[in-house]
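There are two complexes below, and they share chain A, which is joined by chain B in the first and by chain C in the second.
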Partner chain A sequence: MAAISETSGHAGPRFSWPSRKRIGIGLTAFILPVALLVLWWVASDRGWLAEQILPSPVFVYETARDMIASGEILYHTAVSLRRVVIGFAIGAALGLSLGVAMGLSERVEDYVKPLFLAFAQIPTLGWIPLLMLLVGIDETLKIIVIAKGALVPMALNTFTGIRNVSPRYLEVGHALRFSRWQRLRLIVLPGAVPSIFTGIRYGLTHSWTSLVGVELLASSEGLGYLLVWGRQMFWLDTVIVAMIAIGLVGFIMDKSLNNTETLIQRWKKGEA
Partner chain B sequence: MSKGPHIQIRNVTRQFQVNGGSLTALDDVSLDVAEGEFVTIVGASGCGKSTLLRLGAGLDTTYKGAINHAGEPVDGPSLDRGMVFQEPRLFPWLTIERNIALGLENSGLPKGEKKALVEQHLELVGLTGFAKAYPHQLSGGMAQRAGIARGLVNRPNVLFLDEPFGALDAITKTRLQDELQEIWAKERITMVLVTHDVDEAVYLGDRVVIMSPRPGRIREIVPVGLPRPRVRTSAALVQVRNRVLDSLNNTTQPVPQQAARNIGESSPALRPVIAAVG
Partner chain C sequence: MVTTTSQAVRFRRGITLPILLLVVWEVSNRTGIVDPRFLPSLEEVVRAAKRELIDNDLLGDLSFSLMRNIAGFLIGGVVGIGFATVLALSRIADRLVMPTFNALKQISLLAWIPLISVWFGFGEQAKIVFVALAAFIPIVLNTYDGMRAAPDDLIEVGRALKFNGRQRALRIYLPSAMPSIATGVHLGLIYSWLATVGAEYFLAVGPGIGGLVIAGRERFDMAMVMVGVIILGLVGFTLNRLAYSLESYLLRWRPKQNA
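Presenting the complex of A and B:
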């Protein structure tokens, strides 16, 4: 809200919000979560929902503490993370290669892209029934589902990044008699890096969410499994702890990728 | 100096296919440029001056006629021909030093020699302190200096410049024109510069090539014939400038015969004077 009045208003004293600026972005991010927490606390305290459905924040906090102390939450998080790391690595590598191939060769694009786009339309979870029959419900299934989640955004963003490299830069390469390999190494790939990074971020988010999905359906460990198990036992405190863990891990992954991106692309600061 | 022209353009016609029809960008153009000469090409937009430059540089090879550089036919870009674009087109992900070094990517020189050449050209264009800077940290004038250094670093014997100062403010532009002239005097290479700025064309050129649009043709070639360094405000230079402007006005304003006569008869003072070109 403050931002809107700041940009649309005059620069006059009436529209400046010095106190808000001093709070800084770091703190404003906490306003909404804290408000939700308060709402949750009031709701359970006043008994707006049955305790079995909405346990009190204090109770959830105690459960979280116990689960951290016993190493349970850490164990399940580690299991889930391991699956995501492997699945994402495979999916991202395949997506990158596919994106590069489609981006560089119009022939590959003509042959592969329509099928690929159709393939991308099927939600990741929609593949699970078929995959279950093909590969069973073990690790392979999870890895494939996670890899697929990363592959699509990775391939699409890489493709777009390569195609959007400015023809002006390519002409410079032409004038300097760059070979195909030089063109790729010195112009096309570096030019596509911002877009590829977007692909990595989306890919990782997709991987993480589809992981939880596949763990809900077929797993005996991992954060998704913890959710299902908690629901079956009607331990809603456990369910909420697992949800918080999922959100937190996803947030940290996205944030650290974002930081890596800024670090690697220092040249982008001013946007050329 | 070798015998024969350094750059020889003979009866060159270039047509573009536009929406099924064909558009003649250059119509039977011939131009000789001597070794070490500074030729400027001026004309309204659409006169094909940039097309001609790109053909000379070998960036465009679909034409009728003949183009030779030092007796060899031009059939593609060459490291003997440098190119400077209007926007400097520096790669934003590389430092200035690395951007300039791109010009040596295919030179086959050993690493140490490349490094020395890059340093030497950074100095030539006055960017020594900015080797490690990224393009977005430079002003427009500094970026274009880097663009010129990239075009020169491989020691080409001819440099083509496509409106290199077109996007710069007046003060920066004046300074870069002087710097370019100094570089030309120092390196003794042939330069062909396209511009829509008559002052620039006259100030820099040994000869000014005036082109007329639709279809692109050379209308007139005006030798400047003044010693350097030239004074921008000198009467002799202004005289040449006016002559070029006159010629340009005739090319850019194809007034129908009838109308022209009517205006001329009724009131000579009303005759349109189009000084701004481009």
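Presenting the complex of A and C:
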């Protein structure tokens, strides 16, 4: 605490020591959120806006506490996560296979890619009503929509990754008389890993967005349902808590993927 | 690649699957293998398209959706580029605002809809706000990254020439961030179309293609839903093409990287 108050005492545009500078940067990041929170609190306290339009932060905090204590938020998060995990796993596996097939064989690419691209043009949200007519509004619908969200970026990035493997490496493989399988395992797949990872990240983000979309339209549980329900009841505190939960889950997924990516790509460090 | 297949062969291969798909569709419909309520015949889809186009106001719906899309995109884009420029050029603004922005962008786009509907209602305003938000986020991120990556030697030159803030922004940061901004604009265009569809689904008041699809679903009219979905895809495709040509036009001064 002492160091913090000291820094703010000197607070000029320039700090002389790096450690203080870092503390200064860390603190500056909190100025805006705190200011917004104070403004929010004052606005609701003075009644500038109706409670239904902007509930007080204290109220939102209490709701969050209650929902955590009762296990409600955990339950809905678990439901949503389960859907995303299953849907993403299916979509990513299909997308990876499709991407590998199109990447390795020009013939497959010629046959499949135009149709695939045509389907990919339609936004995921566009499919939802059509699928609702076909498969109803059960769990299947959610899984299909989420899987589709993951499939497209996964397939495209895998495809690009394989196609962009440097021809020089392929030549080396040729010179070493690698078999087809060796070429695939030792050159093509490792070379495509960064791009595949991009696909996984985009795929997961799209899956998560699709999940929220499909739960908003048709669901009786999950975080998206919590949003709709809170909205209908005019319980904005519930809506805000659900939004925070959605943001947190998204953040954690992105962060952990990021860490995995650096871990897997340690060997690349020497390059570039 | 090594093997070069002729254009004609590639084309023939490319249309094989779609044609096969259409044939299977038509055959399974004619023979009654599939319930026609789930899979209407091609004729029926064409009829639905004609009906929507002539009797109902399909073009009107489409232009409403496009207007929303463009209005939101322009607002989000202009505000986004301005916002990102300020953040990239001013260290204080960067430190003050960027962490909050990064935290808020974690919230999945569609999750904003309930809050926006409370604050702005279900009308045109709410939809445009939502579309603008969708365009805003990728444009800010990419513009910011691009400006941050401005080459040091150019910045040095600016310093030597005693550029003021405006000159630095317009002559150094903006041009060197152009490729990145173009990427942002491209993504923004795609996201804003997604958001237009989303806004029309969830804030279902007023005309629009999204509304058409939803109405088709409610009436269990598969042909109508298909017409709507095809149009959604076509518009998405056109926007994507447009973004590509805009990108190559904006970056025409740059040496070609790959042929």
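Basically, the second predicted complex is superposed on the first by the 222 of 272 C-alpha atoms of A that agree within 3 Å, B and C clash if a C-alpha of one lies under 4 Å from a C-alpha of the other, contacts with A are read in each partner's own complex, and residues count from 1 in each chain.
Here is the rule we go by: contacts are C-beta pairs under 8 Å (C-beta built on N, C-alpha and C of every residue); 3 or more make two chains touch, one makes a residue touch a chain.
Keep in mind it's a predicted model, so treat the numbers as computed, not measured.
Participant: Given the touch rule stated above, what does A:L176 touch, chain B (first), chain C (second), both, or neither?
Facilitator: first
Participant: Chain B or chain C: which reaches more residues on chain A?
Facilitator: After superposition, C is the partner touching more of chain A.
Participant: Which partner does A:F88 contact after superposing on A: first (chain B), second (chain C), both, neither?
Facilitator: neither
Participant: In the superposed arrangement, does A:P114 touch chain B (first), chain C (second), both or neither?
Facilitator: In the superposed model, A:P114 contacts chain C only, not chain B.
Participant: If we overlay the two complexes on their shared chain A, which of chain B and chain C does A:G247 touch? Say first, second, both or neither.
Facilitator: In the superposition, A:G247 touches chain C alone.
Participant: Regarding the shared-chain residue A:Y202, is it in contact with chain B (first), chain C (second), both, or neither?
Facilitator: neither
Participant: Have a look at where A:F159 lands relative to chain B and chain C in the superposition and call it first, second, both or neither.
Facilitator: Neither partner.
Participant: Which holds for A:R168: it touches chain B only (first), chain C only (second), both, or neither?
Facilitator: first
Participant: Which residues, counting only chain A, touch chain C once they are in their complex?
Facilitator: Residues in contact with chain C: 13, 25, 28-33, 36, 52-53, 106-107, 110-115, 118-119, 121-130, 132-134, 208-209, 212-213, 216-217, 223-224, 227-228, 230-231, 234, 236, 239-240, 242-244, 246-248, 250-251, 254.
Participant: Which chain A residues qualify as touching chain B in the complex?
Facilitator: It comes out as residues 168-169, 171-172, 174-179, 182, 186-187, 190-191, 193, 265-272.
Participant: For the complex, which residues does chain B have touching chain A?
Facilitator: So the residues of chain B touching chain A come out as 57, 59, 76-79, 83, 85, 87, 89-94, 102-103, 105-106, 134-137.
Participant: In the complex formed with chain A, which residues of chain C make contact?
Facilitator: Listed in rising order, the residues are 1, 3, 5, 9-10, 13-18, 21, 38, 92, 95-100, 103-104, 106-115, 117-119, 193-194, 197-198, 201-202, 213-214, 216-217, 220, 222, 225-226, 228-230, 232-234, 236-237, 240.
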